[in-house]
Amino acid sequence: MAWLGHFNYWVVVILMMIGFYAVIARGNMVKKIMGLNLFQTSVFIMFISAGKIIGGSTPVLREGITVYSNPLPHVLILTAIVVGVATTAVGLALAVRILEAYGTIEEDELVDPPDQPADESHPGMPAGKGDTAA
Amino acid sequence: MNIGEWLPFSVLVPLIAAPVCALMPGRTGPWLLAFLGALTSLLIVAIALPVLWQGELSYPFGNWPPPIGIEYRIDAANGLVALLVAAVATFVLPWARIINNFEVPERQGIFYALFLLAFAGLMGITLTGDAFNVFVFLEISSLSTYALIAHGWDRRALLASFRYLIMGTVGATFVLIGIGFLYMMTGTLNMADLAERLPEVRDTTAVRAALAFIIVGLGLKLALFPLHLWLPNAYAYAPNFITVFLAATATKVALYVMLRFIFTIFGHDYSFFALPLTAVLLALAIAGMFAGSWVAMFQHNLKRMLAYSSVAQVGYMVLGIALATSAGLAAGLLHLFNHALMKGALFMALGTVFWRVGSVRIDDLSGIGREMPWTMTAFALAGLSLIGVPLTAGFVSKWYLIIAAMEAGQPWLVALIVITSLMAIYYIWRVVEAAWFTPAREARTPVSEAPLSLLVPLYVVVAANFWFGIDTRLSVGGAEAAARALLGGSP
Amino acid sequence: MRTNGILRVIARFLIPLIMLFGLYIQFHGEYSPGGGFQAGVVFAAAWILFALIYGLDAALEVIPERAQFVLACLGVLLYCFVGLLGVVLGGRFLDFYPLLDSPHAAQQTGIVAVEFGVGVTVATCAMLFFTFFARRKREIDAAETGEDD
Amino acid sequence: MLFAIYSLLSAGLFAVLDAGDVALTEAAVGAGISTILFLAVLALTGHEERPARGKNRLALTVVVATGACLIYAAGDLPEFGEPGNPPHVHVAPYYIEHAYTDMGVPNMVAAVLASYRSIDTMGEAFVILTAGLGVVALLSVPPRRRRHKHKPGKSEDDS
Amino acid sequence: MSAFLTQPFTVVIIPFLGAVLIALAGDRDRLRDIIGWVTSIAFFLGVIAQVGPALEGAGREQRLWEMLPGLEIAFRIEPLGLIFALVAASLWLVATLYAQCYMKVLGYRHLGRFFACYAIALGAAAGIAFSANLLTLFIFYEVLSLSTYPLVAHSGTAAARNGARIYLGYLLATSIGLLLVGILWVWQAAGTLEFQQGGIIAGHVDPSWIPLLAGLFMFGIGKAALMPVHRWLPSAMVAPAPVSALLHAVAVVKAGVFTVLKVAVFVFGTDVLVETGAGIWISWVAAFTIVAASLIALRLEDLKARLAYSTVAQLNYIVLGAMVATPLAIIGAAMHIATHAVAKITLFFGAGAIQVAHDRKKIAELDGLGRAMPITFGAFAIGTLSIIGLPIFGGMWSKWYLVLGSMQIHQWVLVAALMASSLLNILYLLVIPIRAFFAPAAEGVPEHYSEAPWPLLVAMTITASGCVVLFFWPDPLFRLAAMLVPGGAP
């Protein structure tokens, strides 16, 4: 019975493991971010299922309904979803820039010789201020 | 008016300033706004600090009493950390203005807005008394940090930022899972309420797993070995201003949150009993101390060297905490405070050198000590503090750490602390030798000393290293008050 | 896609409907599921659909990039302003009761105001995401052809 | 596409779990915005992906460890949907009972979101603003170096 | 006001202020030299002003501030510290004369940095001499290590950098790795670091641990050059001669053995050392070091290297005396600080003078040079005789008491080591002036008179006569030393 009582939870665990695996094992950055999304969604489901009461209904006050599901997890997860999409956007923007800078977004192909002098063609300043400001 | 009513504004002022800053054109305006925001925060916290040493203050948002609403609950522990964060921001910004004009010449409005968000996020994490609110502000500061690191002028900054984003988000999600378990077991998110209700359900697997998830998640954020992989590159390739700010604050705030969970919410008797925390944290701390110092000894890029040294220094802090005694906790907190001072000064000195030379590789800096004597002297002085030479802040924290280790009946730790200090001598002295006793490379054009507008802020931070090595009332008193606050009523 | 007449016709009906729906969940959020985020996203979705069908340039003429940016900042500032108003009127931050005499009306006003702030920010930020990602493709293509001598 | 479908599915799941607001958001965000962003980026990067090498065993270990920890935790978690679970007897009842009397708002989620826990929501608005600023800052830098790898030393000014 | 001016801290701070001014003067030679003179004279007078009260048994005490709870930065004048400070202050005057000439003649650059660090080193030595507790002492001990590093590396050549690296490495590693641990142990056990007559750890540390604790201290004080932590001293010989003379024959090494004595008397207490046997095993190490260093010195061809190993041996006389811990041995050790300093500085001055005048470093190249440089080699001979411990030279007294002290506890091996060392001294030191005067001239040695510049000669003459003076008037020195042991003079 304990196993069945937690069926929601097993779904969460499986989704979480798939997502997490994608984050770590995938070489492609976009896929990594997708994995991250999956990973986060599984947590959302965990929260929401914690708020469910069997026989309850959506927490909007209506006539004739006495049992409502817990509204608090819903609020938290609304926030978390927005956080998720924000992270996705920043991550994808970074991926785009990495693609432009390196020509690839496969982790395996991204090699920077660790002790090379800095890459000079970046839009930033290539060299020091020298004596010009002295 | 009661100072407690003003404390939340140390978070809100920079937060509100951020969008305004983003809309501002030019360079001076955004910088000034950022500086004023940080200064306001600092003043509020500094004025409130004496009150906090006496006891805690609570500020319920929207006037909803906790745990219905969200409160800021501020005591000596987060007061000290908030003071540190605000002070670092305030004192680094005057230095950063010229540096940023050079490294981030365009769109400074957005840049400073992101900085203000990162700053406000850290302050929010520190002051809040609600577990979920920690997650929200953690994400504000993290997201802005990713964007800020990507402003680095080397393309590797992008990669570093992306990897940090992945690891940071995984960490934050772990924390969220932990908070979720806690909520499912207790029905509350308020920290004080959690601490009250947890003992009833403490012997459940879910609470134990919650502790594990939160520690791993925060361990990622605070670069606890072996979860530190994001840190060296992120620090090395971020704009120098951001490196200084992050090195001095970000990992410290994450560590504080971990302490808050371990000591206040779970209660230290539970935390160290439910999981083999002493053994695990001690092992990781020691491994971090050695691995960090060891790798630092062979770095050519000095920013990376200091970053690895940060991994080692986080090890010191965690070491003190892992002892699970009040002396150890105070020592860890003290080192948290002092390390911010020394790493801040070291990275500022390096940033100043970078501004002139355009490189922080050790080969490029040979002979720089004669060309920029004041800057490199500041580096050497801060380096002494990192090593732990007497009269510096670093000595005081190592002293307390060693005393705490001895009191805890673990005198063998003393040897480890000493050995890693010797490693610090090696990697700091390598720089000193290159700077003063090696002839300059011919390929490098000679440079001149940095202007006073850079040197004065730098020396203020260096002076702080010595001030807190000589007059330890604030730092030691604060750390001890913070330790008391974290340990709460328990002896 | 832009030349597909059917799409254009459908879109002409659909987009106002989506926008209306967005506005509905924005201001009806207290009574039924919905609120600032959802409204913002839905509203942004309408705009993005418009951009997909009529082209990004046309969409940017309706809401220019700078306007998106400014509105994103103003949205959160509205939220903060409402919060500060509580302090100014003698309460605490984000305390809505001091806003009006009637407690229910005060709370509802506060909620609607902050939800509107959130909605604006979410909508404009979503538009900003789309604008920048979509334009990037074009810029890269331009850079590529430019470099191919 | 799969991703959008997954999002829609989870939105449906949320709706079943009485989380109307969340379902709406997940549908709009996950199936809408996120998917469009992914498509836009995939248009830039192309769809091919190399099979990752070497990391799989480590990844598997970490993931299995995490999963084990989650399953370990499950033992003492409250059962699904029981009204007596801790979340339903502490704090939440206050919202359910008082939301309407406190502020005359029938949608409790909105009440909690915008008033009881409004600082969270404000933080959330700032999160999205941060992301907006971040994307603007990252993608305002003109793209001109994609061919860098093949033409080292070539000046970028000719674009 | 005058009370303030003669406070211990004021004396300590004088060289530091001087260092700042010297650094500011930079390359303006004349100004810098004047500041150097003013500083060293002021410092000397400041130290002298402490003698009177100290002899009356009323050494001044000054507590500055509390750094950590229970840990103060504090100074106190006591006889041992005064001996050390007097030696350092008076020899600094002579060395100032010597160094200003030497550095200019040999064309060294960055003299501002050089003399500033020189002054800081002296200030640190004074801080060590006057410190009232282990913490203050440790702080100045580290300042001394750090401030002498630039002096050793001064020439900036690869050899100098390498030597300086070994130098600093040994000193910092031992002080942080062992000494600091010992200090912490004492603090943990005794709850205080204050120097007290009779020691502070009696009854606080399990007697069976005391030999280990003593080992931590004695090897931790790397500056005392107990084998095997003596390697830094030969490495430091890459430094210019004035550094070797004042710092590596006087200030730095004496700071080491001074700390040894101080720890033995005021932290452990002589009784504890004797009762637990902690002193004996270390005194055996010291005896071994004495003989081994002398044997090594025999085989070295480089003059300064030979002098360095001689210093290693002589320092261990003092360690030995401190560890034997009988009243006579302590007195002998305290006096040896002064007598060896005066003698050894003479020898290093001589080595420097030879380098200035004829650029020779190898001992074989010095044959017959005595006829060309009679004053230099005369002074050298006097210094050598004093170190051997022959009458009419000050070195006799200290060696005498050391031997007596060792005899008191029937440690015949130690007595034998001291005696053997004297014989070896003749073999490796005295042969140098003898061959210089009487051997046939080596290649290129001039037969006519060609001495070093006069300031060097004056400096050497002064220190050489100091050796003699100490033989005929040892009383003030003896009285100060005797105040160290309970019951005063034996």
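Order of writing sets the labels: A, B, C, D and E. Residues in every chain begin at 1.
Note that a contact is a pair of C-beta atoms (placed from the backbone, for glycine too) under 8 Å apart; a residue touches a chain by one contact, two chains touch by 3 or more.
Model, not experiment: these values are computed from the prediction.
Ranked by how close its C-alpha mean sits to the mean of all protein C-alpha atoms, the top chain is B.
Among the chain pairings, A-D comes first (most C-beta pairs in contact). Chain centre most remote from that of chain E: C (centre = mean of CA atoms).
The mean-CA centres of chain C and chain D are about 18 angstrom from one another, to the nearest whole unit. Separating the centre of chain B from that of chain C, both taken as means of CA atoms, is a distance of 36 Å.
Centre to centre, using the average C-alpha position, chain A and chain B are separated by 24 Å.
With centres defined as mean CA coordinates, chain D is found 6 Å away from chain A.
Within chain A, contacts with two or more other chains are made by residues 20, 50, 58, 60, 72-73, 76, 78-79, 81-83, 86-87, 89-90, 92-97, 100-102, 122-123. Shared contact sites, meaning residues of chain C that touch two or more other chains, fall at 31-33, 35, 37, 69, 72-73, 76, 80, 83, 93-94, 96, 122, 129, 132-133, 136, 140. In chain B, the residues that touch at least two other chains are 15, 19, 22, 61-62, 132, 136, 139, 143, 146-147, 150, 177, 183-184, 189. Chain pairs that touch one another: A-B, A-C, A-D, B-C, B-D, B-E, C-D. Residues of chain C touching chain B in their complex: 69-70, 72-74, 76-77, 80, 83-84, 86, 91-97. Interface of chain C with chain D (complex): residues 25, 29-38, 41-42, 44-45, 48, 69, 72-73, 75-76, 79-80, 83, 93-94, 96, 103-105, 107-108, 110-111, 114-115, 117-118, 121-122, 124-126, 128-130, 132-137, 139-140, 142-144, 146-147. Across the interface of their complex, chain C is touched by residues 58, 60, 78, 81-82, 89, 92-93, 96, 100 of chain A. Per the touch definition, chain A reaches chain B in the complex via residues 20, 23, 29, 32, 36, 39-40, 43, 46-47, 50, 72-73, 76, 79-80, 83, 86-87, 90-91, 94-95, 97-98, 101-102, 110, 112, 115, 117-119, 122-131, 133-134.
Chain contact summary for the complex, chain D toward chain B: residues 69-70, 72-78, 85-92, 94-95, 115-120, 123-124, 126-127, 129-131, 133-134, 136-138, 140.
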